[in-house]
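Below are two complexes that have subunit A in common, paired first with subunit B and then with subunit C.
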Partner chain A sequence: MATAVTRIDKPLTAAIPKKKKKWQSYALLFILPSFLIYTLFVIVPTAGSIYLSFTSWDGISEDVRYIGFANFVEIWQSPRVHNALKNTLVMTVSLVLLENIAAIMLAVLVDKVRWFRNLFRSIFYFPTLLSGIVMGFVWAMILNYNFGVFNQILDAIGLGSWVVDWLGNPKYAMISIILSTVWKGAGYYMIIYLAGLQGIPAELNEAASIDGASGFQQFRHITFPLLAGSMTVCLVLSMISALKIFDQIAVMTDGGPGFETETLTYIIYKVGFGELRQGFGTALAMVLFLIIMLITVIQVKFLRKREVQM
Partner chain B sequence: MQKKTMTKLSVLLLAATTVLSACGSNNNNSKAGNTGGNTAASQSPDAAATDAKKEVSFSIGYAAGDPATKKAIAATVEAFMKVSPNVKIKDISETTSSAYLDWLKTKDAVGEFPDLVEMRDTEVFADAGKIVELPSDLLELFKDPPQVKGKVWNAPMSVNVPQGIIYSKKAYADAGITELPKTYDEFITIQDKLKTSGITPIVVGGKDIFHMGFWVNKFLIDDVYTKDPDWNSKRTAKTVSFTDPNVVQAMTDFKDLFTNYVDKGWLSTGDNQTASILVSGKAAQLFSGTWMFSQIKEADPNFEFGFYAVPDREGKVNVIGLPSPAGWSLSAEAAKDAGKTQAIKDFIRFFFAPEQYAAYLASINAIPSTKEKVIYETGEQMQAALDLIADPNVTKSLAINNWWGDNLIPPQFRNWYYKLLQDLVVKNGDVAGYMKQADTEYDAQVKANAQ
Partner chain C sequence: MTLQAKKRWGEIALLAITVLLAIIFFFPIFFNLMSAFKSNAEIMKDAIAFPKGLYLDSFKYLLTETDFPRAIVNSLILTLVSIVAQVLIIPMAGYAIERRDTRWTKMVFLYFLAGMMIPFQAYMIPLFKELRMFGLYGSLAGPILVYVAGAVGFGCLLYTSFVKGIPKEIEEAAEIDGCSRYGIFWKIVFPLLGPVTASMVVLNGLGIWNDFLMPMLVLPSGEPKTMVVEIYRYIGEFSSRWDMIFAGTAMSVVPVLIVFIALQKYFVKGIASGATKG
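This part shows the complex of A and B:
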């Protein structure tokens, strides 16, 4: 009996690998260009960066000296780096929360609205089309103490006492950057949440409505749990984007006032390019890479578990 | 059939890889006439002369933050290309929100270091082998070009100009100010009068980190550098400290001035906005250099303003005015190309020819660095600046980052220190505590640079 089975299986198993082999050759050829480019522009520079992080290279001379773990010891001890790390974490937590809350609210709003649905989608999505630099310039002009339209409006409506230097006052500089970044980023996540919302069967809400559930109860017990997949994507993307925030800071505050809005990515650029310490900057970049990797792994693990539970 | 398809795909991939490789090739090496050798600029061969009409192109980069300077240099570049049609100059200067050093370093990182570059951190770039000595036949053009380690690296674009108070005559008259201050205390009395009259006394473009240096260095020069021009080298050797009473006094004066008399929006005001704020009457004074005169006149030709140097407590006047190694430098890469070197030398001669140079100096109110006399029309404010330079009783000094040799500070320290001082003001910090931080950071940077 067993021999018979072997006889039937033999020609089949011989034919499949041949076909597979052919397709595998094509697949490898198609993958090869991407693999080469990725290796050339990502893997090789990353490997080079690992070496540079152990040097005192200034970025312009040919003198690249190996200094062991000195850069990492300095990172561990530097109050400026600690401050940048603190600012990065504050900014990341705030941005992840606010961008996602705003995006869910906008998505629900756009999903429910009866008229001008496409117009609203376009309006909310439009800021994401701007580059961080352009967005930074726009908001820097709006929030400028002397010429900015925001302070002029406050003045015009009798709130002159509220006029402050939004980007120069340490109390408000960070908040200003966070809110302007939420304005730019929320539209992007709104689209992902909107796709999630449209995948929720209407019957569930209808049934809940018949059972007497209020709008909020429907959102709390049906919509929100079923958005878990979209939320995983949005939380991870917004977290990575927040950890790497750079453009807005460069244009709006230059890391200031003082060091109030200096983040890890910004300090990497400042020390690497402005302060002629490429080796130290690269070591900082390696630290940031590890932080992002660690947080992403934890976040994805937690959110996937939550998705399964939902 | 399969073999044929595979061959086609392989050819396609090979072609794509070749195109990508070509995109990545160094454009510095693709120019015609590149000898590829290591000849210094001073060794430019006569062959260049015979090839005088050969098409040559070179890139130029300079600090383009000040609109008047950008306009003046761009006009000279244009004029040169008209008289030398075989030379094409690619102006790669950009007005960015970054400091000039950041921009230059970024250009170097992407392989676009300018062939002819306005150099400010001469010693750093000379040590890194990025620039070469100024060709010896150009040295005759200049009065007394500063040397670094016994060598001249720059064609100085002008002599360092004094910085001082640019004030609105109307605001002074409205506040009842009839005399200019003779001591720092009288200067503070003037600030109080201006404040009482309802106008913001001083506008500061603190968003641009270099602008912070104007006031910081005024106080450092008064209390530190006039008394000890070698203070920086002593700080590096740890024989003096930022916590010494004279430095603490200087920074206390800085903090008090910024807390009490400076426009509240100083940290979000760019240097290029200060002229508008001054002429609009929102502020009465601006502390800056002579290059601002043309910007102010452009902003409002009818605006009446004066210029003076702020005296110290003892009534002495100390200003920036010593020569420093900065100016046009030839990149080491360009120096390898004889044709390019000759074209750059021709451009430098053209730039400093009296008829061109006078227009450049007049447009930015600068002081000539050349041996040959250059005559141009100056206004009342520029005359006040020239009087300061000519006055032997006025002490001439330099900003913290413009010293060289043993007095060179770690290149990264300047911006960090200015930011620390921003922090000091906005957080109403303890000056001595902040100066202690400055000591720690200075030593750390000296140590890091020595590694």
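This part shows the complex of A and C:
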């Protein structure tokens, strides 16, 4: 850290033209470290991926052969990739819907409840702080067929016929991952909705209440429309994080049973590091990148529009 | 009178629903911490039952017979050093971009923001090779640099929007007093950015502590990596020693719990400010 040297006697007029030049070099110096690290460890490897997606590289050998669009043609035709895309779509749509519904519900509850408000907020938020690996393991244990708590509870309350292998049965594996991810994710969006709720003036609801509007009517016609801003943000954030889900799948199902829970992020990893087809893996990664870019660009457009309106 | 009573019952019903949901939300965490103090036989016999005594063997085993202590140290080093490096590098850039508002700083800003769209999967495969080329494979320096690089976009976004709110007059006064830009930033501006820094530190620190895919790929196999990666490995290797894995997950969760309780408001603020800026 530089020391401040006091030089009051310096003539002010001489300092002005110098100042600009000095600023320029400082700005450069201030930005340079970020610029270098970011370029070297994000942009350069991303550019490398674009190049590798046109090759048949296996990840180990020196043999990096250019094969044109062959990887992308394979993506277009491969049933396994189609299945992964379908799983990604199912997972993303269900997560976006369920997480946001749960988050709005939790936010309204925390906002309305009269006692222990902060405690409840913390409890609902805490699961978002866990790693996907830890959380996935705990849920895998809860849902375990033989020793799991969940089946034990079902048995105890007389629903023994519902007992199934939640993660091993192709019918239920996806749902189990989705619901446990809702448990993990909802609290994050709840915080954003809560901030939105607290921005709604209380007079609006009071006035409606005097006019005889029921609680639900107030929610439907006042709260919900005024949450639109928070909702845009939450929808985009939840969509992007749903597209990137990886850890839970790695611990809970490893993409299985069969290929039932293999998503785009998971197939990129499996193909690249498990099957040593890194050229193909990077081509798949480019597809993920394009999807996320598209969502972000749409989001920026939306947010701009909203800003203009306000 | 009846209206009052009705309102009262409504409030109690609301509380009941919230409590029920809170129990559902808290149960898995409670279950994890509780199971860490049960023996394997106890877990298999009755998963819901309370531990009979304070069974500590799984902790003892994990800390003396496995690589877990080294994984804990790795996790701590990675998290702390990456965070310190982020705080030394990123706020300066955000400040310069906001204060020196020219065409080239705007371009750099957009260039940084573009990185927020790039998922880790999009560059992980070449990254692995690049680290090897630079001789960074096998040391913790590799992942640290990757964490700093990955935080530049969001960090600059946060800092530029907060620097905007700091009146320029303070800096101008210091400049007339002969303070260098460097001094102005670290002595005057940076302390005013405390709340943003705190939010960035807790949110990014948490992300690094919990990260799985990057350290798994980038740290050499055959050596202990980070806590989360070791837990994942144990799940595959010691698939029947649940007591041990629960002890491991508990050790990874408890520090998070403590930091969260101590610094709660910064988590909430960080999310809120990140959300409004996208």
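FYI, the second predicted complex is superposed on the first by the 262 of 310 C-alpha atoms of A that agree within 3 Å, B and C clash if a C-alpha of one lies under 4 Å from a C-alpha of the other, contacts with A are read in each partner's own complex, and residues count from 1 in each chain.
What we mean here is this: a contact is a pair of C-beta atoms (placed from the backbone, for glycine too) under 8 Å apart; a residue touches a chain by one contact, two chains touch by 3 or more.
Owing to the predicted nature of the structure, the values given are computational and were not obtained by experimental measurement.
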{"item": "Touched partner set for A:188, first subunit B, second subunit C, both or neither", "value": "second"}
{"item": "Subunit A residues touched by each partner, larger count belonging to subunit B or subunit C", "value": "C"}
{"item": "Contacts of A:123 with subunit B and subunit C, given as first, second, both or neither", "value": "second"}
{"item": "Partner chain in contact with A:74 - subunit B first, subunit C second, else both or neither", "value": "first"}
{"item": "Partner chain(s) touched by A:277 [first = subunit B, second = subunit C, both, neither]", "value": "first"}
{"item": "Touched partner set for A:256, first subunit B, second subunit C, both or neither", "value": "first"}
{"item": "Partner chain(s) touched by A:37 [first = subunit B, second = subunit C, both, neither]", "value": "both"}
{"item": "Which superposed partner A:175 touches (first subunit B, second subunit C, both, neither)", "value": "neither"}
{"item": "Subunit B versus subunit C as contact partner of A:45, first or second or both or neither", "value": "second"}
{"item": "First (subunit B), second (subunit C), both or neither touched by A:60", "value": "first"}
{"item": "Touching both subunit B and subunit C, residues of subunit A", "value": "22, 33, 37, 59, 144, 147, 250-251, 273"}
{"item": "Complex contact set, residues of subunit A against subunit B", "value": "22, 25, 29, 32-33, 36-37, 56, 58-63, 65, 67, 70, 74, 78-80, 140, 143-147, 164-170, 250-251, 254-260, 270-271, 273-277, 280"}
{"item": "Contacting residues of subunit C [partner subunit A, same complex]", "value": "11, 14-15, 17-18, 21-22, 24-26, 28-29, 31-32, 35, 43-44, 46-48, 89-90, 92-93, 95-97, 99-100, 105, 108, 112, 115-127, 129-130, 145-146, 148-150, 152-153, 156, 174-183, 185-187, 206, 209-213, 217, 228, 231-232, 235, 242, 245-246, 249, 252-253, 256-257, 260-261, 264, 267-268, 271-272, 275-276, 278"}
{"item": "Subunit C-touching residues of subunit A, taken from the complex the two chains share", "value": "1-8, 10, 12, 19, 22-24, 26-27, 30-31, 33-35, 37-38, 40-46, 48-49, 52, 59, 106, 109-110, 112-115, 119-120, 122-127, 129-135, 137-139, 141-142, 144, 147-149, 152-153, 183, 187-188, 191-192, 195, 230, 233-234, 236-237, 243-244, 246-247, 250-251, 265, 268-269, 272-273, 278, 281-282, 285-286, 288-289, 292-293, 296, 299-300, 303"}
{"item": "Subunit B - residues contacting subunit A, complex", "value": "2, 6, 9-10, 13, 16-17, 20, 97-99, 101-102, 105-106, 108-109, 124-125, 127-130, 206-207, 209, 263-269, 273, 276-277, 282, 411-412, 415-416, 419-420, 422-424, 426-427, 437, 441, 444, 448-449, 451"}
